[in-house]
Amino acid sequence: MLDRTDFLAKWDKRLEWPLACVAGIFLAAYSVQVLAQPSGIARAVLSAVVAAAWLVFAVDYIVRLAVAPEKGRWFVRHLLDLAVVALPLLRPLRLLRLVILFGALQKAVGGAIRGRVVIYTAASAVLLIYVASLAILEAERSRGDAVITTFGDAVWWSITTVTTVGYGDYAPVTTTGRIIAALLMIGGISLIGIVTATLASWIVQRVAQEDAANQVATGQQIQQLHDELVELRIAINRSQMVRAEGFEPPTAGV
Amino acid sequence: MLDRTDFLAKWDKRLEWPLACVAGIFLAAYSVQVLAQPSGIARAVLSAVVAAAWLVFAVDYIVRLAVAPEKGRWFVRHLLDLAVVALPLLRPLRLLRLVILFGALQKAVGGAIRGRVVIYTAASAVLLIYVASLAILEAERSRGDAVITTFGDAVWWSITTVTTVGYGDYAPVTTTGRIIAALLMIGGISLIGIVTATLASWIVQRVAQEDAANQVATGQQIQQLHDELVELRIAINRSQMVRAEGFEPPTAGV
Amino acid sequence: MLDRTDFLAKWDKRLEWPLACVAGIFLAAYSVQVLAQPSGIARAVLSAVVAAAWLVFAVDYIVRLAVAPEKGRWFVRHLLDLAVVALPLLRPLRLLRLVILFGALQKAVGGAIRGRVVIYTAASAVLLIYVASLAILEAERSRGDAVITTFGDAVWWSITTVTTVGYGDYAPVTTTGRIIAALLMIGGISLIGIVTATLASWIVQRVAQEDAANQVATGQQIQQLHDELVELRIAINRSQMVRAEGFEPPTAGV
Amino acid sequence: MLDRTDFLAKWDKRLEWPLACVAGIFLAAYSVQVLAQPSGIARAVLSAVVAAAWLVFAVDYIVRLAVAPEKGRWFVRHLLDLAVVALPLLRPLRLLRLVILFGALQKAVGGAIRGRVVIYTAASAVLLIYVASLAILEAERSRGDAVITTFGDAVWWSITTVTTVGYGDYAPVTTTGRIIAALLMIGGISLIGIVTATLASWIVQRVAQEDAANQVATGQQIQQLHDELVELRIAINRSQMVRAEGFEPPTAGV
């Protein structure tokens, strides 16, 4: 069982970069496919690339599921990985892992968790809006009564949806388009939730810092107390020894 | 009075499963009623099942109200139970209690409160959208100027409403439909609130863990201090005794 | 200056009930005025009642401003009171203070702050939606191209606005209507914010309670430590005295 | 490197007021330009003023970037400053810094962080809505199929967008207008997030204050414990000295 966990960890680490590259290639091929609508050989090649990318993700998922020691638990905990395989819309989200690798960004933001959350949220929002726009355009434009027919309209619709503004000047009419819309709404609610939560964490911390009189006791303060107790004990022990030594002279003197 | 509280606790425990089953049967019968629109005997049977389910919930409510020691207080604290009896839309929410019973899910998520909150929120969202779609479809489709006339449209409308996107491409026109919509909006705001709150709790905790220098003092650290104090006291007591013993020899010696 | 603060406190306490009554009378008169649209004497009487209620609020505001020791500061801190005088929409909000007075409710909820927040939020939401519906109906129905022409439509519009769903099937077209809408949106955002914040507070507390190993040190635990320290000091003092007493015999004995 | 940081700090301090004035002049000129739509010389003068304001911001940005010790880091951390230069919509936000300077406001609110957050949020919201209304009006009205053609409509659209209500009765149709809308939505989500976060911080604090039994240990309580430990140590030291002194007599007496 340890070997399997070991194997999984190695597999994940080794495939980190290759899978991110596959996600990038998928995104590029999908973009060209939707935006340029090529025909002939170009179309066939792009379809093959998209299919190959899907195959790579599927194989990665199946191998990891097969190797996982507790399959049921792994399955429940990796539902998002299944979604990445099943839904093309979510596949490029794997690219988000690349964000970690930009040294410059990391350096500027520092290791602070809130800084990292902000960068991830911004990158996720941009990627989500872009991919959702491609997907909705592909799903909708073939329908006669569709209103989302250009990439510009698709991006505009994605932005109004992800922010939950929802003017309704553009709205999907196909079932595929509505499933994409539902996923986008869930993404939007999560992004808004993260923005609010990060702000809340920041305000709570600032208020706590300001409220000097009621500052919460820190582990450091407890540590100082501990050090003083230790010193006190040493002092008492010394006093015992002093006494023991100090006693002897009189008894010896008598 | 203790007997009554006792009786209530037993009643609740015994009826946990049967009431969840009734809620499930209600949901199934209601779904067939709305989606298949049967006629003749099938229709009568389904109506009877729905009515019987309602009766069970009503009797359960009345018995518990009758037995409750402080009726006024019980009434105010169980307004949601009254709503479950009064509003068919809320009745299947009783099914949510079943979520607890899926051992596999529980095992995968662990006992962590945030994990449980996520599962409940997801299950509530799915159930809410499904039941609201059934209810709005039943309420609207008989009206001539209604725009929500198929189950697909109803689901789409429910999703746009629960996420507060509200495109307005579909909107209820009947009073019943609008009451359902208002309940769905309240549900949506609660769900979004829970998502944000869970994220906030997670970020606050992560920030606190990271901020090692200002880590909040834990009960465990206080316990360690306490243990040291106890040891110190033992040391002092021992020193007193040593002194008491050590003293006697000289006085005795003199 | 103390006399003035004293006078203000008395003024506020004495006028608590009368002003709530005036707000109630205002709401009743305003409701009849908008919903029944009476003519002749009834109309004149209602207008007089509404005007009198406004006068009472205005006099109350002016007296309190005149008496306030630091007028500038009082003015900034009581902008909401000015808004209550200036905007009929906000005037019935004074009724919210009555919520405190329902003993039964208080008893059922207990003194817990989150319980009180929930009750206030629910009461505010209902009152806000009702008053906004009246105000928007009065503002819009006289215009030819208005879509909000019945009270039912007005309530429906208020609910979709306060939840920020905003279908757009009904929208105000007059300037007055849009000002009411803007106030309602601000109210809606505040209400949603309170719902989310209350949930966040609840989840943060539950997570903290669950995380027993890292439970935050409480003042109570510190108190216990303090008590132990005091006992320790007493023990040391006693030991000193014992020694002082124990010493004398030998010196006396010699 | 220290000289550069020094220079930057001085530059920022010296230019605080002048840049706020330039932002104010920009806002005034831009308002006249959009609302009065002057022609002839007035138009040329206003365009020159707007261009000059932009130049000032651009020069300020370039100087600070040129002087910054770590350019890459500075660039990432001051993306907002770049946005202020690049986007006229954001330029008047510099005026927000003036809020600090209103002594009366500061005095009334006190130094409390939540009070300051509320004032900033309100001022930002008003400024954002006003500038977005000007910008959208300028972007849209030249288009034939635009629905936002008067300043009143523009303000109404801005309010429905910033609150994420989004009726859809007015929606931008030009690319520029949609970019403005996207920025406004981001601003709206941030404002709503701040409102919710401030409320959450307030409720968390109130709940903590109320929950007296489980009150979190404060630094002050730890300080008291520390003081007691110090006194205890003094007592023990004294006891050691007393013993040392008290010992000598008997030995001396013998």
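Order as written gives the chain letters A, B, C and D; numbering starts at 1 within each chain.
As a working rule, contacts are C-beta pairs under 8 Å (C-beta built on N, C-alpha and C of every residue); 3 or more make two chains touch, one makes a residue touch a chain.
Bear in mind the structure is a predicted one, so any value in this text is a computation, not a measurement.
The two copies, chain B and chain C, are related by a rotation of 90°, based on C-alpha atoms and rounded to the nearest 5.
Note on chain placement: the centre of chain C and the centre of chain D lie 27 Å apart, centres being C-alpha means.
Each chain gets a centre from the mean of its Cα atoms; for chain B and chain D, those two points are 38 Å apart.
In chain B, the positions touching at least two other chains are 164-168, 192, 196-197, 200, 204, 216-218, 221-222, 225, 229, 232, 236, 239, 243, 250, 254. Chain contacts here are complete: no pair of chains fails to touch.
Residues 164, 166-168, 196, 200, 216-217, 222, 250, 254 of chain D touch chain B in their complex. Considering their complex, residues 72-73, 76-77, 111-114, 117, 161, 164-168, 171, 175, 178, 181-182, 185-186, 188-190, 192-194, 196-198, 200-201, 204-205, 216-222, 225-226, 229-230, 232-233, 236-237, 239-240, 243-244, 247, 250-251, 254 of chain D touch chain A.
Listed in rising order, the residues of chain A touching chain D in the complex are 104-105, 107-109, 152, 156, 159-160, 163-169, 192, 195-197, 199-200, 202-204, 206-207, 210, 213-218, 221-222, 224-225, 228-229, 231-232, 235-236, 239, 242-243, 246, 249-250, 253-254.
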